[in-house]
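First, the structure itself, so that you have it in front of you.
Chain naming follows the written order as A, B and C, and within any one chain the residues start at number 1.
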Amino acid sequence: MSEATRKIPPGPLEYLRRWPLQVWLALVAVFLYAPLISLMVFSFNDSRFTTVWRGFTFRWYEKAFKNASLIEAFGNSLTIALFSTLISVVVGAMAAIVLWRFRFPGKTAFNAGLAIPIVVPEICMGVGMLVFFAKVLPWPQDLIWPLNLGAIIIAHVSFSFPFVAVVVRARLASFNRELEEAARDLGASEFRTLMDIIVPHIAPSLVAGALLAFTLSLDDFVITFFTAGPDTVTFPVKVYSMVRFSVTPEVNAASTILIVVTVLLTFLALRFQGSDALTAGHDGGAGDKK
Amino acid sequence: MSKIGRRSLLAGLGAAAVGISFAGLSGCTKPGGAGKTINFYNWDTYIGDTTLADFQTASGIKVNMSIFATNDELFAKIKTGNSGFDVIVPSNDFVTYMSQADLLLPLDHAKIPNLKNVDPAFMDPIYDPGRKFSVPYTWLVLGIGYRKSAMKDGMVPDSWKWLYDSDQYKGRIALLSESGDLMRLGAKYLGHSVNGISADVLKQVEAMLIKQKPNVKAFHSDDGQDMLMSKEVDIVMEYNGDIAQVIKEDPDLAFVVPKEGSQLNSDCLAIPKDSKNPVEAHAFINYMLDAQAGAKIYEQILYPTPNAAAKALMPDDYKNNPVIFPAPDVMAKCEYAAFEGPERAQVYDAAMTRIKAS
Amino acid sequence: MEQSWRQAKGMFGAMLSAPLFWLVVFFFVPLAIVFAYSFGQNVGLIDISVFTTFDNYKRAFEPLYLAIFVKSIWIAAITTFICLVLGFPVALAITFAPPKAKAWLLLLIMLPFWTNLLIRTYALMAFLRTEGYINTTWHWIFDGINAVSGGMLGDFRAMELMNTNFAVVLGLVFVNLPFMILPLYSTLDRMDRSLLEASLDLGAGHISTLFNVVVPMAGAGIASGILITFIPALGSYLTPDMLGGPDSQMIANVIESQFKRANNWPFGAALSFLLVYMTFIGIAIQGLVERKNAGRAA
C-alpha cells in the first residue's frame, strides 16, 4: 500500500482545475451530448419533424408505450445485455488473468485469437453466427425466457469478452506481484490469492469492462440481426426499421426512455457497490482507509 | 438496404396501436390448447394495427410478427433453413428466386378461397405463373418525387433525364442506392427494357451515372421521401407509396411516373418450405385477402392494393389518388423486373461499386 | 515474472478453460465457416462450395477494390487521429481528478454510448442537414451580419455538411471517442505520478512534461487506444451509409453489399478476411510498440 501513504500533492497535478482543460472537457462534453440532448428534447415536439419546434406533447411517448413490439424488443435487449455482460466479465477476466499470469505453449496464438473478435467485421461475424446457429447448433424455437435469447447472448459474449480482457489486462499490468507472492508465502491458496488480492485490484477494470460489454451488447445490430429468430427481436433491430428512414419522434421517445433507464441502472449499480465503484482500487485501497 | 422507406409508417396517420398482440411474451404464457402460434416475417409497419388481433379473434391462431428490412435479409434468413417462419413477404423477383431455389411451399388454392378477391390482372404474373407459390399483397411503381416550388418554371420533371442526365438540379438530386433498380431504370431511360439488359447498354448506363455523380447529392437507401421533406434535395427516385405518404404532410411535393416508363414491384405472401404450420399459414394468408381485413390494412399503409374487393371498400381519396394509382397510359409502359439469375445481382453491384469509387 | 503453467496446473486449467472454449466454439468455428467460404464459389442458387478457388482474393486485389481499401484506411486514420487529439486531454483530466469527480467524469464519457449507434448517428443528422441546427444557426448569424453591414455577405448559402466525407469522419469520431479515452485513462491512471512531479519540480513546463514524460510512458495505452479505435472505424459501414455522400463508400459497405445485395458470400468473405489479415499487421505493430516500451522501462 505504498501509494496510500504517499502524500498526493495539491496543485501541479490537478489538471482538472486548469482552465484550458476545463474548456476542452466542456467542448468534448458538448460534442458528445448536444446531439443526444436535442434528440431527447425533440421527443416532446408536437410535430413529425425533428428539427423544428412546434410545441410540447407527450403523444410520442404514448405511442411508444402502446407499441407492444417495441416494448418487448426493449425488454429483450436489456435481458440480452445483462446476461452477456455477466458472462463476458467472468470469461474476459479469466482470459486476462491467464495471459498475464502464465507462460504456456500457444500463448501468443491465444493472445492473437482474443484480438480477432474485436477486429473482425461485424457482418462477417454475423454471417458466421447465422450459419453456425442454423447448421452446427440449431437453437430450438419456443424456449422459455431467457433461454430463447440464448443464441444472441452467446453471439454477444463472443464479441464482448475480448474487450473486457483488454481492459482488465491493462489494469493487471500495474499489479505489484510482490503482493501476490507475499500472500502465498503467508500460506494463502492460489484461489484465495486470486479472490483476495488480484480481484480487488482489478475491480475497477471489471466495472469498466462490464460497462463496455453492456454498451456493446445494447449497441449491436448486425450480429443480432443475423442471429435473431422469430421471437427475439431486439431494440436495435426494431429501431433499425423505424429509424433508418422516415424517423418519427416516436423513436426519439423510445431512445429517451432507453437513455433514462440505463442512467437509472447505472446509479443503482453504483449505489450497491458503493459510491466509488468506478474508481475503487485506483488509489491502492486508500479510499478504504479514510 | 432496399425497401425500408416505402414500408415506413407515417406516424399520426394510423390510429394508435390498440391492443396489438403480436408482441407475444415469447412462451411465458401458453393458454391451454387455445390454438397454435405462427411466425410471420414482414416488412415493418406493413400491416394494419388490429389485423393480427382480429385474426386471432376470428381463428384462435396467434400470429407472432417479426420484421425484416430488405429482400436480401429475408433471403439470407430463409436459405439456411430452420428459420421458424410460416408466412413471409418477398417481392416479385425474390418469389421467383426463392421458388427456383426450392425454398417455398406450393400453395393449396383450395385453402385460400379469398383468392377470388384478387384483381384477375394479378393472377398470372410472369414472376409466379399461376400463382403457384405466392399471393399478391401490394404493388408499387418507381418514379420521380419532387418539390413543385423548386422546379424550374413550374415544369413537371416527367423524364428520367432529370435524374440521370442533366445538371439542372445539381446537388439537389438523390438516387436509389439499390444497384439493380438504378441500372434497370437507366436502361429504361435509354429506351430499353428493364430486363435482359445487354453488356453494352449496361456500360452506357454506368458511364452516364459516373458522369452524373457530381450532380448527385446522395444515393439514398429508400428514404428519398424524407430527404425531400427535409429539403435536403428537390428531386428523388422513389416509390409511389412513399411519396403519397409525404404529400399528405407537405402539399408542395408531387410524384410523376416518367414518360419513358418505369419498373413495377409487387410484394407477395408466401410460405417457406420448412414451415411447421402450413395449415394455419394458409388460413392466415386467406384472412389477409379478405375484403374487410384488407381494406383496414391498405387504409393504413397506403400502398396500391391488388385486392379488387378491398379496393372497392376504400374511400375515394385512396381509390382515385393519381399518386397511388398512376394513369393507365403511363402504367402500360411499366414492367416488372424479372429474376435473371443470381449472377445478375453481382454484375449490377460491381457496376455500382465502380460508380461510387470513381 | 510470469509463472510457467506447470507450476499451477489446476489454476491454469481452470482459468483457461472457459475463455478458450468460448473462443473456439462460439467464435472460431463460425469464423472458420466464413474463411472456408472465402475460397468458395456459388453453386446453383443457394449452395456454396468451399476451398475450391482463389478467385475471390484475386478479384479483391483489382485496383477498384484496392482503391476502396486505401480510402477506408485513410478515413479510419483521420478518425483515429482526431479521437486521440480530442481524447488524450480528457483522459488526462480524468486521471488527475479527485476520486469523486473521476467517477462522474467516467460516467460522463460512457453515458452517451449506451445509446444505440443508429440513434446517435441519427441525432447527428439533425445537426448536419441542410435545414439542421448548424445551418439554421449559421443562417441566423449570417442574416445578423448582413443586417448590420448592409448585405456585405451577399446571399445565404447553406453549408454542405450532410452526405460528405466530412460527415463520415465526424460521425466516426462521435461514435468511437470512448474507445480511445478508456484505454488511455486506464494506462495514465497507473502511471507513476512521482515522475511527473519530478519533472515539474525540475522546472519543466506542463506541455513539455506532457510530451517528454507522459506521452512516452503512456505509449502502450496510446497504441492500444489507436488499435481499438482504428479497427472498428475501418470496418464501420453504418456511419458512411447514413452520413456519407455518393463517394463515401468504405470497404465494409462493399462487404455488406456482397453479403446482401450481390449475394456473393464467397467474395464478401474474402474481403472480410483481408480486413482480418490487416488487423494482424496492426496487432504486430502494437506488439512492437509495447516491446519497445518495455525495453525502455527495463
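Keep this in mind: a contact is a pair of C-beta atoms (placed from the backbone, for glycine too) under 8 Å apart; a residue touches a chain by one contact, two chains touch by 3 or more.
Just so you know, these numbers come straight off a predicted model, no measurement behind them.
If you sketch which chains touch which, every chain touches every other chain without exception. The two chains most heavily joined by C-beta contacts are A-C. Between chain A and chain C, the centres computed from C-alpha atoms are 16 Å apart.
If you average the CA atoms of chain B and of chain C, the two centres end up 36 Å from each other. Chain A has residues 51, 127, 131, 240, 244, 247 in contact with two or more other chains. In chain B, the positions touching at least two other chains are 1, 73, 76, 221, 230. Annotation for chain C: residues 129, 131, 259 touch two or more other chains.
Residues 1-5, 8, 10-12, 15-16, 18-20, 22-23, 26-31, 33-34, 86-87, 89-90, 92-93, 95-103, 105-120, 122-124, 126-127, 129, 131-133, 136, 174, 177, 182-183, 186-187, 189-190, 193-194, 196-197, 200, 220-221, 224, 228, 231, 235, 237-238, 242, 252, 255-256, 259, 265, 268-269, 272-273, 275-276, 279-280, 282-283 of chain C are the ones that touch chain A when the two sit in their complex. Across the complex, chain B is touched by residues 42, 44-46, 64-65, 67-68, 71, 129-131, 160, 162-163, 241, 244-247, 249, 254, 257-264, 267 of chain C.
Note for the complex: chain A touches chain C at residues 6, 8-9, 12-16, 21, 24-25, 28-29, 31-36, 38-39, 42, 50-51, 90-92, 94-95, 97-98, 100-104, 110, 112-125, 127-129, 131-132, 136, 154-155, 157-158, 161, 165-167, 170-171, 173-174, 177, 190-191, 194, 205, 208, 211-212, 214-215, 218-219, 221, 235-236, 239-240, 243-244, 247, 251, 255, 258-259, 262-263, 266, 270, 275-279, 282-283, 287.
Per the touch definition, chain B reaches chain A in the complex via residues 1, 4-5, 7-12, 16-18, 20-28, 39, 41, 43-45, 64-67, 69, 73, 76-77, 80-85, 221-223, 225-226, 229-230, 249.
Across the complex, chain A meets chain B through its residues 48-49, 51, 60, 62-63, 66-69, 71-72, 127, 130-131, 134-135, 138, 141-145, 148, 225-226, 228-233, 237-238, 240-242, 244-250.
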